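Common to both upcoming complexes is subunit A, partnered first by subunit B, then by subunit C.
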Partner chain A sequence: MAAVSLKIDGKTVETAPGRSVMQAARDAGIGIPALCDHPALPPEGACRICLVEIEGQRAPQPACTFQVSAGLVVQTRSPHVVAARKLVLELLLSDHPLDCLTCESTGSCLLQDLAYEYDVKGDRWRGRHHDYPVDSSNPFIQVDRNKCIVCRRCVRACNSINGVEAISIFHRGFNASIGFGADGPMQDSPCEFCGSCVAVCPTGALRPKLAIGKGRPWQVKKVDTICSYCGVGCKLTLHVRDNRIIGADGAWDGPVNRGWTCVKGRFGHDYVRHPDRLTKPRVRHYLLHGGKKRRDGTGWDWVETDWDTALEVAARGLCQIRGKYGADSIGVLCSAKCLNEENYLMNKLARQVIGTNNIDHCARL
Partner chain B sequence: MKSDSLSTTSSFEPVLTRNIHRPGSEKIETYLGNGGYRAARRALERTPAEIIQLIKDSGLRGRGGAGFPAGVKWEFMPRDASQKYLAVNTDEGEPGTFKDREIVERDPHQVIEGALIAAYAVGAGRAFVYIRGEFFLGVKRWTKAIADAYEHGFLGKNILKSGFDLEMSVHRGAGAYICGEETAMLESLEGKPGNPRLKPPYPAQAGLFGLPTLVHNIETLACIPHIIERGPDWFAGIGTAQSKGPKIFSVSGHVNRPGNYELPLGVTLREIIYTHAGGVRDGRRLKAVIPGGASTPIMTAMQIDVPMAFETLRAAGSELGTGAVIVMDETTCMVEVARRLTRFFSHESCGRCVPCRIGSVRLYEALERVERGQGEIPDIDRILELAHGIGGITFCPMGTALVNPARSAIKCFRNEFEDHVRKGHCVVSRRAFRGGPDGKDSHRR
Partner chain C sequence: MAGLAASFGSGAMTNSIEDIATHAAVYLVIGSNTTEQHPVIGFRIRQAVKQRGAKLVVADPRRIDLVDFATLHLRHRSGTDIPLLNGLMHLILRAGLEDRPFIAERTEGFESFRAVIEQYPPERTSGITGVPADQLQAAAMLLGTNKPGAVIWAMGITQHITGVRNVMSLANLQMLLGNIGIPGGGVNPLRGQNNVQGACDMGGLPDVYPGYQKVTVEESRRKYEEAWGAALPTGAGRTVTELIPDVLEDKTRALYILGEDPVMSEPDTNHVRKCLDKVDFLVLQEIFPSETAPYADVLLPGASFAEKSGSFTNTERRVQMVQQALDPPGEARPDWLIISALARRILAEGRQPSREGKHAGWDYHSTAEIMNEIAALTPSYAGISHDRLKSGDSPQWPVKDPGHPGTPILHVGRFTRGLGRFTPLDHIPAAELPDDEFPMVLSTGRVLYHWHGGGISRRAKGLLEAYPKALIEISPDAAARLQLGNHERVRVLSRRGSIEAEAWVTDRVPPGMVYANFHFPEASANELTIAALDPVCKIPEYKVCAVRVEKADKDVSGG
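== the complex of A and B ==
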């Protein structure tokens, strides 16, 4: 399709038809501020922060939902839209706890960034504000609806991306707020705790519990890695402080997961430093030192050893069984947590080294 | 009724409401006995394109508030779509408006006939009636009327042997004001929360369940049989340059005879109030009028010679809206009016966009402070600033309408707001503040 040419802030921008003004601007490196819009989510048009002035339109239009057309002339920073943004921010702050000093999101909060950028204080439209209890019912996500700006990013991530539909908007008007399941605790909802809602929340309303109090964004080193849980290979960005993982995010540039993860990838990183974690191979006492293998004797105890010894013991055992009962008495089960290459090698080991076709894979079960 | 000799509308003969005072007016027998469904019969013999042209020629504009030309809307409906819908908007929620309710309760077949003609013209095979949950009698009458229309062959398969099919059913809403907005109504019909949709796409492109949908107000549909019956020239001969036809004005407030009055568009407020509604109660002086329902800007008594038409009211700084005339006499506190109307809108906000969700509450609170006498003079300008800021930046038109009461009340009656601030109480109604601490009105008069 023919490209569409439009002008944004005096700069000529070429884009594909059907794209929004927001997308066109983003492609051209022009930032239009937004709270409810997110590149990975369908547009919502709710926050009214991304309002821009478009020639020929009576009122300012949200850039996230306004589609481009040839010859469009867009102003993203006219006095009118800047004033509108300020008012929206003032109104949002008028029903916000303003506890940035101790808020978990300080430094990674879009509302905070915009209030700073537009020099908006929280005291212009004093009035009643919400006092919701904080929901800590589940092990992964803390929900503080007092900090929620009802942008519905979480609703869209849960419904449009994951199809779980655990989050929706309850009540209306000033009392409209996010809720889970049948508006009960998150723990009792269909939530799978994938944390996609946490990933897209622009404020401190949805926070990963494991990271609370562990470090500010500027104290954290971000390390890209591939998730070690399964063979999908999601790209993660680990948040590391003092050589300890305090959090994980899906990387938006991950070719496999495009920013989304499951509960394990996002929240299951505490095993790394867990005291119960095995970091060395272990062998039963009797296999190394002989003696009885009775379960109630010392021969049954685990003994830490090195890899060569452990593999030697395992190989010896397999050889004995094959010699005594034949190769088909051995079966091999591979894992989806292993790489393709590792599974291929396991297949070689089973068929060519051991000599059996008894090989299967956990993903088939 | 007093002599209408001074009236410019003395020769006008009501059509939409001509049957409603007959006993048993809601029955199909009464309707048929008065020439009912003759227009439908006539329309089904003509082509849909001819019907659309008739409606265009008549100049009929939507009676739900926006005043969009009906014929143009019909033309927007795609011709090649295999399945199309008609949605009949009976969610009459605009405060002060009670015209659709009366038509539905007393002459529902008029609307069914209009709906049948409209559905035939745009090729819609399924009609959904969305009715406000509180209209208990209306639901009963609609349901009965639809059943009777099926029985007489005006609904169902092969209507009047024309080969045209139309199924119709009634869906009760839960009473949210915003569900009168067409896209919110469609969401609600689909079983979702009544939040307005993003436009475009417009309902004619992708409406109910994603299919092309024609949405019409009750009064608009009620006009259609008469246009078919009497011709577009008759209809276009009534009214002003840009506002054609008869219109039902719901008159409420401080008048001697509140009620629905069917009059030609272009009639003045003065005539509606003094000739038809019996003048202001207790011989008091008129103070202010809301000409088109709560969302339209307040006008002063000085402006009552403005003709009630889309273009003239807009030029006068207000809107025709639904044509609901709310009359206020000299004992009315305009600060209280602004506060209570703003409270209504903040209560009815769907909560989707920030300016409406939070702004309406802040507006209400500021008005409440001024009314209680706790405000300061700059607060009045702050109210205007907030109202000005919210107007035009909300997701749907309701957010913009919600600032009208406050903005127009200050524009027309600023001195009353200042009196509240300076004297700490109301000098007009001589009453103490009547709102409760939780923002609810503690009692009604």
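== the complex of A and C ==
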């Protein structure tokens, strides 16, 4: 289809027909503020922070739902729309806790960023505001409805990405807010805790519990890798601080998952620092101090040792068995949880070093 | 995937996740609890149904969550996949919905296949499978008239004594419909573990070198002998489901196990314990003291996925970069370093490879170096290097050279083996069917919040909190007969063992079935399962064994 050409802030932009002004601007590197719009979700047009002026239109239009057409002339920063945006922000902040000092989202909150950018302090109409209890009753997600701006991003993520439709907006007007299932706690709804809603929430309304208090965005190192659970192979961005994983996001450029994950990928990787981790090689007492192998008594106690000793004992043990009963009396199991490179080495070790084709893993199980 | 290898010449998911998510007009999901086991693929199927009106046929004895989104649910009896598929193909042929040009040009063996299919008219199929004839008809129409169609399955198909034949039967179906080698079609086995595909690709199997080069083919062996500078064993080795029981026959004397927990993952736990108890020498390399650790002589602390860099290959053959985020705790080490150090020591004690071998050595400085060796010796990985993966590329094998883009769809225009082969397949009942003493069927699997033997997921705080103990699914009918209430304790006994856990009374399971998982050592389904194996690929029949169910407050003797 022929490209459509339009002008945004004086710059000529080419885009495909059917795209919104927001998408066209985003592609061209022109930032229009957005709260309800999200590149990975269907447009909604709920928050009106993205108002722009379009030549020939009497009132400002939401860029996220206004479709491009040839010859469109768009102003994204005119005094008129800036004033309109300030108004939107004032209204949102008039019923917002403003506890940014301790809010989990500080540094990754769109509302905070926009308030800063537009210099809106939220002190103009401070009046009646909500005081919902914060709900931490499920293992994964903290829900603070006081911080919900009813952008419906979470609703759309749950409907169009996960598909179970666990979230809806309950009540109208001032009292409108998110709720789960029949407006109960998340765990009593069809929710599968995939965290897609958390990934797109622009404020501190939906936060991952495991990360709470563990670090600010600028203190966190981000590392892209692949999930360690299932064979889908979702690309994750791990959040790391002080040699610990404090959280994970789906990577938006993941070819399989395109930013989304399931509950295990997003909330299940704290296991790597579980206190049960083995941190020192161990061998049975009898192997160091002589005596026959018996699975009772002190000979079977673990002795922590250094790597040299442990490897020596392991190599000697395997060689003795091979010497006595032949290479085919040894079995090698590699691992569907380990790297390709490691599995290759296990295959090489079995075949070249030990001299057996007895190698397998749990593919069948 | 021996079944696919026999039918097509190579065995792996033929299409990409993205491709089937966007192009399939109909899905047959059979023996895959996709939304719990491969959740992000489950998302995509739900999206296809909701957003593009794709049709979804779910064939599963259990009313899994995906059924809520299905156009049709076929609730066949466990272990009757072949008669079900034969019955569907019978109706597809009867309605003339087969893809004649595809069959003529790209396949062989159609006539003898058709002869068997003719013996599965709806009446007989219904009798064997328990699926009403009108549902069979509806399913055949959905599959026959919506193109392209993708078949998706997982362990529910393979973990039977007929696992290989089940897979061949699905290959038959897709050839009949001409759904191979095209976008939105294909045969798509979803692989379980994060890198089970890679472990297979890398020669972690008893009969093949990396890239599925047969150990029994002289030419392949010579290639590796030359590369590794050593004479290599000639016959295929034994599978894990043979190696462990063989301890009792004195055929297996020592095991070196990396990151696997046979006590949890193998069938018939009691028997596995007996074997491991007797093995002369066991070296275990793990990150946690697993259920297998009490039997180990040496325990080597390895590194988790976050503590090393390298690659994983996902279920759609996509090779992706894993990057180190953390240092291993204490003295734990990346596994590749441990394996190479151990190899060097064993070589020092015994035979030395010849220096002629270009890849004989074990002095690796990085996993990138290991990948270069893999690429040099494995045609399907020939174009893979860490530099390429790090640049953001994640090609699907075969990747024939550094410039090759990878292969999103297999068997386009031609099967790996030339012509696709139709295989005539008859019904073979499960190895252990219910009887008077053990009147119910046990099927096993996993749940959303846990993973495999549970060694990892039970150590993730949130996951354990979300699903803290084993639950056994039992139907309201069966529960009523036992006067068993929801959340009361239930005992399940088989010829091999017994477990006790909390009952979840739910119509997810049909009346004659109970369903249990193997995530919790105190109530692992594998105490009950049978070590009956598929004759070709030696997969155990986890999805069917006979059990008796009782309310747990009753006294049990001899347990």
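Following the convention adopted for this analysis, the second predicted complex is superposed on the first by the 275 of 365 C-alpha atoms of A that agree within 3 Å, B and C clash if a C-alpha of one lies under 4 Å from a C-alpha of the other, contacts with A are read in each partner's own complex, and residues count from 1 in each chain.
Quick note on the criterion: a residue touches a chain if its C-beta (ideal position, glycine included) is under 8 Å from a C-beta of that chain, and two chains touch if they have at least 3 such contacts.
Keep in mind that this is a model prediction, so the values were computed, not measured.
Chemist: Could you tell me if A:C47 is touching subunit B, subunit C, both of them or neither one (first, second, both, neither)?
Modeler: first
Chemist: Based on the superposed arrangement, let me know which partner A:A83 touches: subunit B (first), subunit C (second), both, or neither?
Modeler: Only subunit B is touched by A:A83; subunit C is not.
Chemist: Go through the superposed model and pick first if A:A199 touches only subunit B, second if only subunit C, both, or neither.
Modeler: neither
Chemist: Looking at subunit A, does subunit C or subunit B touch more of its residues?
Modeler: Touched residues of subunit A are more numerous for C.
Chemist: Name the contact category of A:G331: first (subunit B only), second (subunit C only), both, or neither.
Modeler: In the superposition, A:G331 contacts subunit C only.
Chemist: With both complexes superposed on chain A, which partner does A:R128 reach: first (subunit B), second (subunit C), both or neither?
Modeler: First partner only, subunit B.
Chemist: Based on the A-chain superposition described above, do subunit B and subunit C contact any of the same residues on subunit A, and if so which?
Modeler: In subunit A, no position sits in both the subunit B and subunit C interfaces.
Chemist: Flag every residue of subunit A that touches subunit C in the complex, lowest number first.
Modeler: Its residues touching subunit C are 138-140, 160-164, 187, 192-194, 209-210, 221, 223-235, 238, 240, 243-245, 253, 255-257, 260-265, 267-274, 276-284, 287, 293, 295, 302, 306-307, 310-322, 324-325, 327-365.
Chemist: If you look only at subunit B, which of its residues touch subunit A in the complex?
Modeler: Answer in residue numbers: 176, 193, 198, 346-355, 357-362, 365-366, 386, 389-390, 392-395, 439.
Chemist: Within the complex, which stretch of subunit A touches subunit B?
Modeler: Going through subunit A, the ones touching subunit B are 43, 45-48, 51, 58-60, 65, 83-84, 87-88, 91-92, 94-95, 125, 127-128, 149-150, 169, 171-176.
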